[in-house]
Amino acid sequence: MTDSLLSIRGLSVEFKTELGLVRALSEVSFEVPRNSVTAVVGESGSGKSVTSNAILRLLPDTAQSSGEIELNPQDGEPVIITSLDERDPQMQNLRGGLVSMVFQEPMTALSPVHRIGDQVAEAVLCHRDVSPDVAWAEAAAMLEQVGLADAESKMRMFPFEFSGGMRQRVVIAMALICHPQLLICDEPTTALDVTIQAEILVLIKSLQRKLNNSVLFITHDLGVVAQIADRVVVMYNGQVMEIGSVRQVLKNPQHPYTMHLLSSMPGAATDFREKNKNWSDGAAIGAGTFLVEADAGRKIREFRELSP
Amino acid sequence: MSRLFQKRLADKLHPGDSIVSLAFLASLAIQPANGAELEVPDAWLKPAQTASQLGITSFSQSAYLDNRDLPPVEERLPDDPIVIVPLDSIGTYGGVANITHEDRGMFIPPEGIFTIAPDHKTILPNLAESYAYNEDGRELTITLRRGLKWSDSHPLTTEDILFSINDLQLNKNFMPVTLPDFIGLEVIAIDDRTFVFNFPSPEPFYINYMAQSPEYFLMPKHYFREFHPDYADEEVIAERMEELGFSDWSAFMTTSMQRRLFPDLVNHPTTSAYKIESLTPGLYSYERNPYFHKVDTNGQQLPYIDAIEAQDVREPEIAVAKASTGQLDFAGVRLPTQDIPLLKLGERTSGIKVNVWNRLHGSDLSIQANMNFADEQKRTLFADVRFRRALSMAINRNEMNDIIYFGRGTPRQVTVVPGSDYFEPEFATAWAQYDTDAAEALLDEIGLHDVDGDGVRELSDGSPLTLTVEYVDTETPKQISMELVVSYWNAVGLDVRQRLIDRELQYSRAISGELEMTVWHADRTTDVLFPINPDFWVPRKLAASLAMWSEWSRWYLTDGNLGEEPPPEIRQLQLWADELATTMDRDRRIEVGKLILAANAENVWTIGTVGLAPQPVVTSNRLKNVVESGLWGWDIRYTMPYHPATWFFDQ
Amino acid sequence: MRNYLARRLLGMIPTLAVISVLVFIIIQLPEGDIVTSTLDRLSATGVDLSDDRIQNLRAQYNLDQPLPIQYLGWIGNFITGDMGFSYLFARPVNELVWERIGYTLLITVCALIFTWVMALPIGIYSAVRQYSIADYSFTTIGLIGLATPNFLIALVLMYLGYSWFGLSFGGLFSPEYLNAPWSWERFTDMLSHLWIPVVVIGTSGMAITMRLMRANLLDELKKPYVTTARAKGVPPLKLLLKYPVRIAINPFISTIGLLLPALISGEAIVGVVLNLPTTGPLLVQALIAQDMYLAGSLIMLLSMLTVVGMLLSDLLLAWVDPRIRYERT
Amino acid sequence: MSELRELTPGQLAWLKFRRHRLAMIAAGSLIFLYTIAIFCEFISPYTPEQRNSRAINAPPMDVRFFDAEGQFNFRPFVYDLELTINPDTWMREYEEDASTAYPIRFFTRGEPYEFWGLFEAERHLFSVDPNGPGYIHWFGTDSLGRDVFSRVLYGARVSLSIGVVGVGLTLFLGVLLGGFAGYLGGIFDSAVQRMTEVLQSIPTLPLWMALSAALPAAWSPITTYFGVTIILSLFGWTTLARQVRGRFLAMREEDFVVAARLIGANDQRVVFRHMLPSFSSHIITTATLAVPAMILGETALSFLGIGLRAPVVSWGVLLQQAQNYQVIVMTPWLLLPGAFIVVTVIAFNLLGDGLRDAADPYSSLRQQ
């Protein structure tokens, strides 16, 4: 047993569909050490999002998972998440408490009919027994931290009055407000345009240092990986291809797929057309609790074609 | 009175019997009304005796009227009140009767100057103390009882009669068309309770008319004068109408006149046993009229029952449901014959009593083809006696009787009831036998052949022939009957369409001759109305019930100014009718009456189906003194001869 | 918000105008309607046409004027609150209507509430437990309600109401309370009768509402913000009610407007069967008697109710849903 | 790695629809009902107007296999009924007379009829004792002694067809107006918009009533039938029009339409060749869900006595004769047409749901 915050052992996930079982993850195992950023990289459908959702048990009921996910918080008993029951109070305090998540789609990740402030403060109220005012105040502070100028007034506004970047900051604030030990970022920047993207990345990194928690960063973009991660997990088609430190993996990849992946990316610079393509795929996965399976199927077929 | 009836009376009467004694009942056979015999107190058949005649000196009132700072009952009653002998037993005061709007005319019949005896012929004085015709029948002198009062205590005098006739019936604004019965009528007041009618021609039956339609003669002047331009200031009236919500004074008064059955529509003082206490859309509440002019044989002022709640039940089905489940104390009007089994079921489960009376309708249906219809082809067809006979003979009346009337009706044409002086059996049976071959033969003879072989006859010129029957499904089972009739007519190759319409619409369309064919129920079949209103047999009136010859009637009514001149045989009818109403010679009268009916029997101007049909009359078990069998119909104002004022609750 | 309201109010005017024309045309449709027949009647009986009453009649409905004038006359009176005179009842239409419209509204609104109180929870349940036995059985029940002709349910309920609770047939009150002044007893007595029409009319709308709610909620449940909230650790029930349900309900507020006509239609026929003191039976009578001015005014009035109802529902929607509120101000 | 199959959209839809068991059942029963409606003359033992004066308000008869001795007969039979009118209760009482049994025979000659008004025929699917006194009333008889079973069957033809014909009209109007409104936009659009708005804010039943009350009495049954149908569909089109319009607005901008325009296809062609097909499935669904409204509408009108008129037999007309308290207590079998209405309406709704799910490309395939 290493002393890592999160360890995933032999995690497999299958989705029931009319077309039979579709396997999204098979035998995935990796660790997330403390106080570091671990990136899971791979193209859409490789199962990274499934993995992240699996950690918070956010998979649709059609999913059947096997394997083990263990969370090993500081000053706390290790939790086998996979063995927790949905209704288990531990589960509630895990979600958003110990582990929280930033989503890919800031546009839809916030409820359109509730005020920003309420949505952020709610996270506090869900986990700590404090008065609404206190929660509100904390929310304000957090929003300031994620760089939302004059939060107090902004908190009274509704999401649709915000730009994508601002919303993503809100989502991040919401995720961090309970000082989780593990922050999962599922392609948090893909939906944003380049400049904003950079800001957000910087923000996440700095906050990670500040709050010294761990980040599990899901992305398809090796450029981003280079920018932010300490360790990398390369996934493809529901399997882990390669694990290692950023330098090692990017400098001399072992696995043919990793090489293929690197070659498909012109340097660390990010190309805009690339963005758009991934954007649409990403959307499909991010929103696609329902489309994942069909999507996965498609990807798998594609791969058959390109690798003899 | 029929000889039969007199004989029966003779049998029943023994010397020394007090006329008041309830022990002796006269029973009259009202026609072979399916065996039903009507048992009523002998006294009901004679002019009611008064308290003084019976030595009744002390009078009592219902506790309902105590401490209402009313004058004592003696002062409220007429000086010498009429005594009504209750049917079975002296009643006790009290109770509230639940009925429906439509039955209020039956629970509270109008109290007129005259009333009708249960033999359905004799006219008896009511508010009148005495009356006398001069020998040529052109002059009728009437004396009202002493001390009569309206329900608001105001004395009832000749003033009111004069007002009703001169200021209403003869007022062009109020009655744009003077009713024939008032044309040329002249009233002279002798004193405040004696007046004289002078008629342009002999009117031996005018008392029948006054008994059957009392409202025309009794409008309370002291109440209505405030609304009458001849008495009150136009502006004031206009304002009153504004707040009462009527377009003008005549509209306001017509409301109470047009709906003759419901004189209470406007809450004016009345002579009836009950007066309106409050009006709401859902409910009319009545309370006893403290000035009612009748007492029972113990000197108790009638009526026995204190109050009446008449609910507005629009749907006939609901009326039936309420009646059969004991939610009404009295119901008759909208109870169809076919529902008798259901009601009888209620008799076993819901504490009600189902009395089966007989409708006086000569036929439940009077099927009428408009011989004055605008369409030339149709009118000539309808005017052809062979066509009408064919229609009549195509109808299987026995089957109708079995299917609709449980075999307890009488298949017959539209004619008077058997008890009538004018009745002859063949009037009822002429052209009434079921003979499709004969019917088809006649249709062929007229030239209605099925040219294109589709099983439907075309007109002689080959153009299609469709008959359209529009009618109101009211009082008698018309819809179900017409379903059968139409199927019979289809069977002889006639294409018939039918549709239900509303009463008001039927009225308008009928008298303006817009109805091609229609259906009504044939009343005016007793000696109360037949002699004065032989309307189903003679074109002399415009009414919803008479759509077959509106133009000829109009011609008659307007002395030939409007409408069409009728053909000789029809004209002859009108002349006979005039003679029937005016002749003072009894034998001649009966002769003429029979001539009219005979002509009708031959020509089938209106087609009958089944008559003298069973009429369910439901009473709650606690309601007493209601006759078990009687005649039911408009001629006698339904219950007028049976003294509803003597009905009471057996606590 | 204010100018949005103003815009909507202005928008109502043309709508109502068109409706009124439509209604007027309908009034003119049947040949030989009661007013004209009354005229025929009077003139046919040889009255000279200078007679006051005929003049009143003609004047009241401008019968001797060309149609457009007649229309203007009618609508003019209507706007000034005079709905004319009913020949069928020989009373002013206003009286007839005002004594009844209240009950119509009462029943309609209760029916609406009933529909929602029953349908929404069921809808939510069967969305969350999609394809469960309960889901199916509720759907079926709802469908039966939708499928059974209103008057049939009415008849049967009326019968059961009598044989089980000894209720008097039809009407809104037992005879003894018909005339009584308002009191607690009278009120409860009314409730004991009210439920029948309310249930009858309500059930017809239930199925649709149920299935709409189910569909909406199913869509909302797929939205990312639900996952966000879950990830935030909001407990399941609270999450369900606070987010997806809250949003899925909004559309219904806007369907009030669409439900109203249906409910009022339903009321019309149920009123006849149950013999209610509402506008429904009045309308039916008027139509069958072809007392077209009474009928016309009634239809016009009911339509106005609906239009106003729609406006209210939109305002309500704007009030609960910030998105709409903002884009409209 | 699990086995994966390639599916065409059509196959996918059918697959989804088949999964929708209720919809399948609904489709089945509708097919059944319509078949009955089509062949009603043949299937029903009697004609709707045929009276049996020996059986007035007779209750449904039991069709038996076992006779009085408990003997099993291969051929089902009914006993003769003795009618007596109870003198006290005035009730028509029917006694089964076990001594005379009438076996049910198939493809017998009976009351002649015109099949679809085309050719004369007199074969009926089944009957008892064709020219003898025996009779069979499976659903009982009405107050005129007419066979309820036969009448329900004939009623099915009218009621079911009214739904379809009416919806046909509705579709035509809705798609036409909605389509062009959405496609052309501008004045036409706002005009149609206003119109739908107006029509939707009028309570339909009163309008229906007003209009059908105005139908002349002299109209032949068939004309009245069409009159009523048209009236019913006159206000139904608005909903569809709105939806169609919405779809068009959305689609007008979509590439394939723009493309079609670019290659110079005229409006009409664009609308009907390119846009309509793209959501025909949606239209079909809406149509299916619109049918019940029609059927219920007809019922309501007939109930009020301003819809169809005898001799036309529709379920509504049948119920109109069975609308009262008396029927519930004394002759409940007269309410059977109601059951048929309920079944039909439910079936159409379920079918509609099924089609909707099947047609919706975004609805998922999932286990049930």
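For clarity, chains are labelled A, B, C and D in written order, and residue numbers in each chain start from 1.
Just so we're on the same page, a residue touches a chain if its C-beta (ideal position, glycine included) is under 8 Å from a C-beta of that chain, and two chains touch if they have at least 3 such contacts.
Not measured: the values here are computed from a predicted model.
Across the two candidate interfaces, C-D and A-C, the one carrying more C-beta contacts is C-D.
A comparison of C-alpha centroids places C closest to the centre of the full protein.
At the far end from subunit D, in terms of centres built from Cα atoms, lies A. Subunit C and subunit D have Cα centroids separated by 26 Å.
Centre-to-centre spacing of subunit A and subunit C amounts to 52 Å, using the average Cα coordinate of each chain. The distance from the centre of subunit A to the centre of subunit B, each centre being the mean of the chain's C-alpha atoms, comes to 92 Å. For the pair subunit B and subunit C, the distance between C-alpha centroids works out to 42 Å. Multi-chain contact residues of subunit B, defined as those touching 2 or more other chains: 318, 321, 500-501.
Contact with two or more other chains is made by residues 305, 323-325, 329, 366 of subunit D.
Subunit C has residues 158, 169, 272-273, 288, 290 in contact with two or more other chains.
Contacts from subunit A toward subunit C in the complex involve residues 53, 56, 58, 86-87, 92-97, 100-101, 103, 105, 108-114, 122-123, 126-127, 158, 160-161, 171, 174-175, 286-287, 289-290. Looking at the complex, you find that subunit D touches subunit C at residues 22, 194-195, 197-198, 200-207, 209-211, 213-214, 216, 292, 296, 299-300, 303-306, 319, 323-325, 328-329, 335, 338, 341-346, 349-350, 353, 366, 368. Listed in rising order, the residues of subunit C touching subunit A in the complex are 222-225, 227-236, 242-243, 246-247, 250, 320-323, 326. Interface of subunit B with subunit C (complex): residues 98, 172-173, 176-177, 245-248, 250-251, 254-255, 258-259, 265, 278, 280-283, 285, 309, 311-315, 318, 321-322, 325, 327, 500-505, 507-509, 511-514, 542, 550, 554, 557-558, 561-562. The part of subunit C that touches subunit B in the complex is made up of residues 32, 34, 37-38, 40-42, 44-47, 51-54, 56, 60, 85, 87-88, 90-92, 94-95, 99-100, 158, 162, 168-173, 175, 178-179, 272-273, 275, 277, 281, 285, 288-291.
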